[in-house]
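All chains are identified by letter, namely A, B, C, D and E, in their written order; residue positions are counted from 1 within each chain.
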Amino acid sequence: MSEFLQHLVNMLVLGGTYALLGIGLTLIFGIMNVVNFTHGVLYTFGAYMMFIVVQQLGMNFFLALPVAVVAGWALGAIIELTLLRPLRGSDIDTTMLVMIGAWIAMQSGALWIWGGVAKSVATPFPEAPLVIGPVSVSWLRLFVLAAAALLIVATYLLINRTKLGCAMRATFQDHDTASLMGVNVDLIYTSTFAIGSSLAAAAGALLGPVYVIFPQMGDLAAVKAFAIVILGGLGNITGAVIGGFILALAEELGAGYVSSGYRDAMGFLIIIAVLIARPTGLFARSERVG
Amino acid sequence: MTTAVPALKVEHVAIHFGGLVALSDLNFTVDEGEIVSLIGPNGAGKTTAFNIVTGFLAPTHGSVSYRGTPLDGLKPHQIADIGLVRTFQRTSVFPNDTIYDNLLIGLHRQSRVHLPEALLGLPRARLTERKVRERAHELAEWVGLGRRIHDLAGSLSYGEQRLVGVALALAAGPSMLLLDEPVSGMNASETHTFVELIRNIRSRGVTILLVEHDMPMVMSVSDRIVVLNYGRIIAEGPPDTIRNDPAVIEAYLGKAAVHA
Amino acid sequence: MLEINDMVCGYGGVAALKGISLQVKTGQLVALIGANGAGKSTTLRAISGLVPPSSGSLVFEGKDMTGAKPPRVLASGIAHCPEGRRVFPHMTVEENLNMGAYLRSDASEVAGDRDRIYVDFPRLAERRQQAAGTLSGGEQQMLAIGRAMMSRPRLIMFDEPSLGLAPNIVEQTFAIIRRIQAAGTTVLLVEQNAFAALGMCDHAYLLEGGRIVLSGPGTELIANEHVRKAYLGG
Amino acid sequence: MKLIATLVSIAALASVPLWLRDPYLMNALITTGIFIIGAMSLNLLLGFTGQLSLGHVAFFGIGAYTSALTSLGFDIGVFGDFHIVHEPWPPIAGFFLAIVVAGLCGYLVGRLSFRVRGAYFVIVTISFAEVVRLVALNWVELTQGPLALNNIPSIAIPLPGFDELVMRTKFHNYYLVLAVAVIAHVLIARLVRSHFGRAMRGLMENETLAVSVGIDVTRTLTLAAVISAAIAGAAGSLYAHYIRIIDPDIFAFINTVTMVIMVISGGKGSLAGPIVGGLIFGLMPVFLRPIMAPEAQWIAYGGVLIVILFLLPRGIVPSFSRLLSKQRGQAPAPDGMAFAKNDAKEPA
Amino acid sequence: ETIKIGVNEPLTGAFAASGTYVVNGAKIAAEEINAKGGILGKQIELVIEDNKSNPTEAAAVAEKLITRDKVPVMMGAWGSSLTLAVMPKLMEYETPMVVETSSSSKITTSGNPYIFRIAPPAPVEAAAFRQIVDKLELKKADFLVINNDWGRGTAEDFSRMFKEKGINVGLVETMDQGAQDMSAQLSKIKGSDSETLIVTTAVDQLTLIFKQAAALGLKKKIITTGGSQNPDQIIAQAGAAANGTMHLTTFLPWFPEKTPNPKATEYFIAEWKKRGFDFAGCTESFRGYDGIRTAAAAIEKAGKPEAAAIKTALWAIDVKGLNGDIVFKKSGPEGKESGQSQPNVYLIEISDGKVGMKSL
């Protein structure tokens, strides 16, 4: 029983980080329809930003977080302006491949700059965990969970409650018509990609200190993010959050009660099962024919 | 002209989307060789009825049969195989292919050969290929797009794409054709030509179910009209009766249309 | 108010408009008719900036708008209700209408205008929270018309507004168009229902193969032999 | 015209071992050739049905494992004492079994693709590949897991009347790969030019419409998936018998990405696309290796990829053939923007 | 005119960090040898190629080194699957290779006479551990190992040895090579009744495991194996969470005086620091240093830079390596034996953020 409780708590903490990974990608993949292979790199970038700002420049941990987020935002904007804008209107596979190219190049760039040896970031949180009965959890992870929740809510409100969010959705549903409504679609493209990127960087900045930081750290994160976004249904923020927790639950229980070798397999099997039952994710958009 | 053998039978069909009842207890038949129009206000459920007949939606209640075969549970392509082919209210083409290739895709049912024949390029496969290619040219000429046959369908104007849509449906070789607002986006003269086209198709023995808001056209071409409102039939009969039905005028035609 | 001079434009090298000149005077209702593929929609797209002209000029209220992007065109007072509905499929009816007022910041008046549209098209009022993509064709058309009116333009362009509408709604839509004209909005109308369009317009242009071949008051065009034959079906 | 070009290219490729004496380059050509066969099979799915399989390496790997296990034999226990024992078979049998088994897996995934499309299909395929990888990793008794299967024998072709021809040298393997590639190419070409191919295109562009003219989605997609997977399986078998060791890393995502790069850069939906893209991106590392630092090689690789797509967004082959047809004065195919794009996928 | 030695290591991809360490160690060895006048009167030249952490590339690199650069002997290729992929090429071109890191027992047992390994495979490590295990008073141990040949091999060989020693074996959990979150496995282990946890994986995952174990309040004796732990990095990154952990290592850069060849160790560490590398990297890089010195010694003994002669000479060398005498013993099927040397194994303990020899 106490083991089960511990698994549940782990699931909550892990699910929060998965959800955070998912929402940034929902913006870019779900709403913009760009198969964004640079998402993992931006996650890595956010983590290295923390490393630089905290370990090398000696700044305060809490100040470093916004710095990493802003840097991610800027890098995202640059990627959109230089790589995606010239290919506007090309099909999704072409932009996907450009993103693959950028992923390969940027990841190797990180290896070149920082080397392959993992880095870590010191945090102001106590090392001793919070212990409640049979369950313990680290303070740092609780902080990450809280920060993730905050970012998720903010993103949700941005997309669903603001005019900018409305314009974003409109632009990617029909970009000509959106421009007829007076939307500056160029600006929307850049800012959506930048916001999605800054969320990825935020995830990296928060999780980098939890784990360790190395050039390929984003790969696994990106695969999980893609899975989460799809699990929840494209472009659906609530879906991405729930998808994140479902994946975390599948992995925890898979590792805990089936076999740790098949831990990730459990996650993927859940995804296959969900998609067979609901081919457009948990929160499908309503569609019609004719 | 009509042989009074029911081809399509729609019995007690109902469907709802969430709380919204789109069709309730719909009953009508279309006889072999007949032209029947389904009209009614926007959102009355006409396209939804098409979707149910052609297998794109499963009704909550009721059943549909064609020439005695129940269509329940059949997939859209199986229904097309039986000979029921539809067009779409929205323009619907294969945008990145030429008109010619569009029609070749449409001719799928006529071009079927076995996989090994196709892979080995056997004579029967070649002969079939030649035949469908000829047919594609014929069809393009027929809808008046012969000159543009090598243009991408996606680059055509709205009205031209609608013509391609009809040609595609014909390519599938239907015994019954369901047309969803075929002349929307055409002017009166083009509509006129199109009416001739429909009569022509019918004279080859194809049964037609038509959804259209162009009243002059509907009145001139239909043998019978079924009127829907809020998912129910409110009137049914020959054009002259419908034209003067007060309920239809109230719900649908409006005052001006009485003169049409 | 709007003046186009010798406008040429096209898609990927093929000219769809081969030198078009037309004028729309303030307060007028001007109709544009022509066969499928004549270039009517392209003309409207060129005005609203969706397709850039390769030559020619466009002047609106004395300002040169040649080559302006759609948001600037809209901001200067021209709204475009595009062909084929083009509603935002995954947004609700209400959100679609709000998008029409994207450039406006007077929230309370926007709400008022929206209610006005719900009164005009009660069908939409019943469907406020439905995803626009699941509306029926005619319902989407109503939404597109309403959405275009939400920006309170000084010139509004309709591309085949009657498309897919039931006869009584067509009637009502034309009444609305006349009403907004009467309220001072200039209208540029593309219609396949040439009879109706010519009957209600102040001035009309006939397009064929990317060129204007005839222009004059609506009544004059109705009487024209060629127009009768080719466009009015009689 | 096209036929002559094809024959000339094949003759040119066939002559390579006769004059190329550099084993390192030969090795690169052979491994590239194997990946090109994989890319060709991916192109059948991506380019002609529009379904992007980002788990395509699963079929490749399944082919490799099937072939390796057939020729090495195995002994697995089921239900306690009961054992399934397989004695080694000739590798050529493994090759054909690889095709069959991969094809069967293609059938499974194809049936799935009947339900999911687009991005959802992408994730199902990634998940499938991951699950297969994890099975290969954890089912140690059968696959040796991470301990790898090594000492895989070379393919030997029995020649009636002679001894068998053992494909041990690069010379042999080159022709073996070339022959399989040509057969795969011809099969795919015939398929996509038949009405099956048109049905695939129809589904790719506008599924609702395609279905309404009588095209059977499940059958068409399953057929494409089976043939595609079978060809990928053949490529995997060639890989196993050439490299002679496989471990679960064969399922690595980067291997799929390599195939995707080959297909899209060369031009998806064009028969020559994966070959051209494959030769460029398969051989580029060989030429980059001597001139720059390892990290820089990857940066250059990614950079070249981006530049090619900037210049030729449709991929190399389609962009050039467009250029050619323009020069010959044919009307260029305009971009279907306007309403067309809206109609393809979105609801009414 | 130089004598070439091929180096086939992962410099990009998943194993980039380790491969780079090994290459740096190799460079120190080459410079040292050259500074002393080289071998056979010639300077040696390392031809270093990146195998991209990818078996196909590792085989291609071997092909290039042998046929283009004409190296008579190679060192490589770090990971077991990389090395296994290279092995057919060694047979094809009859060129020997010194295997500096890979631990899979298959490498020396599958009948490839061109393989000479200086790294200890799991059975060797288990045998070394056997000598001291009694003093640790273990009763029941769980395993958490990386899911590859190395981790699985370790779990197998150590379990066998434990059972022989009457120590119970509890859970055997695995983790994927790239996995970052091991909380699920650790939670399960936390709930078991073992008092000891044996962990086998690379340094990054060890760091994560210690941190996550601390966060879960897991209080067990943790012993790591494999010799790639890099304790300094662990101390730097895991902080207090590393205290009390024990590690089986093959090299003792902290206590040069306790190594078999103190002078060489001191020299190596001095060079390493001089080049500005992280001290933490020593525990991996020394393998590259030893590997190149082994190859050089064989060339010297052979008297000519030719593959066949070097292969024969490798059987006859006796090099004082940083972690013991490098002498190859026969391993694998008769007539086709590979060479395997037996390095020393030590147990160290981290306490108060410092590395100490475990006093037994």
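Following the convention adopted for this analysis, a residue touches a chain if its C-beta (ideal position, glycine included) is under 8 Å from a C-beta of that chain, and two chains touch if they have at least 3 such contacts.
Keep in mind that what you see is a predicted model, and the values were worked out from it rather than measured.
Asks: Looking at the contacts, which chains touch chain A and chain E alike?
Replies: Chains touching both chain A and chain E: D.
Asks: Can you name the chain that lies farthest from chain B, using the mean of each chain's Cα atoms as its centre?
Replies: The most distant chain relative to chain B turns out to be E.
Asks: Between A-D and B-C, flag the pair that has more C-beta pairs in contact.
Replies: When the contacts at A-D and B-C are counted, A-D has more.
Asks: Among all chains, whose Cα centre is located farthest from the one for chain D?
Replies: Here the answer is chain C, farthest from chain D.
Asks: In whole angstrom, how far does the Cα centroid of chain D sit from the Cα centroid of chain E?
Replies: 36
Asks: Please tell me the distance, in whole Å, between the geometric centres of chain C and chain D computed from their C-alpha atoms.
Replies: 50
Asks: Centroid of chain B to centroid of chain D, CA atoms only: how many Å?
Replies: 41
Asks: Determine the centre-to-centre distance between chain C and chain E, using the mean Cα coordinates as centres, and give it in whole Å.
Replies: 75
Asks: Show the residues in chain A shared as contacts by 2 or more other chains, in ascending order.
Replies: Expected reply: 108, 111, 173-174, 176, 219, 261, 264, 286-290.
Asks: If I count partner chains per residue in chain D, which residues reach a count of at least 2?
Replies: 137-138, 208, 295, 297-298, 331, 334-335, 337-339, 342, 346-348
Asks: Listing for chain B: what residues touch at least two other chains?
Replies: 17, 47-48, 56, 88-91, 155, 158
Asks: Flag every residue of chain D that touches chain E in the complex, lowest number first.
Replies: 22-24, 27-28, 31, 137-138, 140, 145-148, 150-151, 243-245, 247, 249-250, 252, 254, 285-286, 289, 294-295, 297-298
Asks: Could you please specify the touching residues of chain A with respect to chain D in the complex?
Replies: Checking each residue of chain A against chain D gives 29, 35, 83, 86-87, 89-90, 93-94, 96-98, 100-109, 111-112, 173-174, 176, 219, 223, 226-227, 230-231, 234, 259, 261-262, 264-265, 268-269, 271-272, 275-276, 279-281, 287-290.
Asks: Would you mind writing out the residues of chain C in touch with chain A in their complex?
Replies: So the residues of chain C touching chain A come out as 48-50, 69-71, 74-75, 79-80, 82, 86-91, 95, 98-100, 102-103, 131, 133-134, 147, 151.
Asks: Using the touch definition from the top, list the residues of chain D that touch chain A in their complex.
Replies: Residues in contact with chain A: 46, 52, 112, 115-117, 119-120, 122-124, 126-128, 130-131, 134-135, 137-138, 208, 253, 257, 260-261, 264-265, 268, 293, 295-299, 301-306, 309-310, 313-315, 335, 337-338, 342, 346-348.
Asks: Within the complex, which stretch of chain C touches chain B?
Replies: Those in contact with chain B are residues 11, 33, 35-38, 41, 83-84, 123, 130, 134-139, 141-142, 160, 163-172, 192-195, 229-234.
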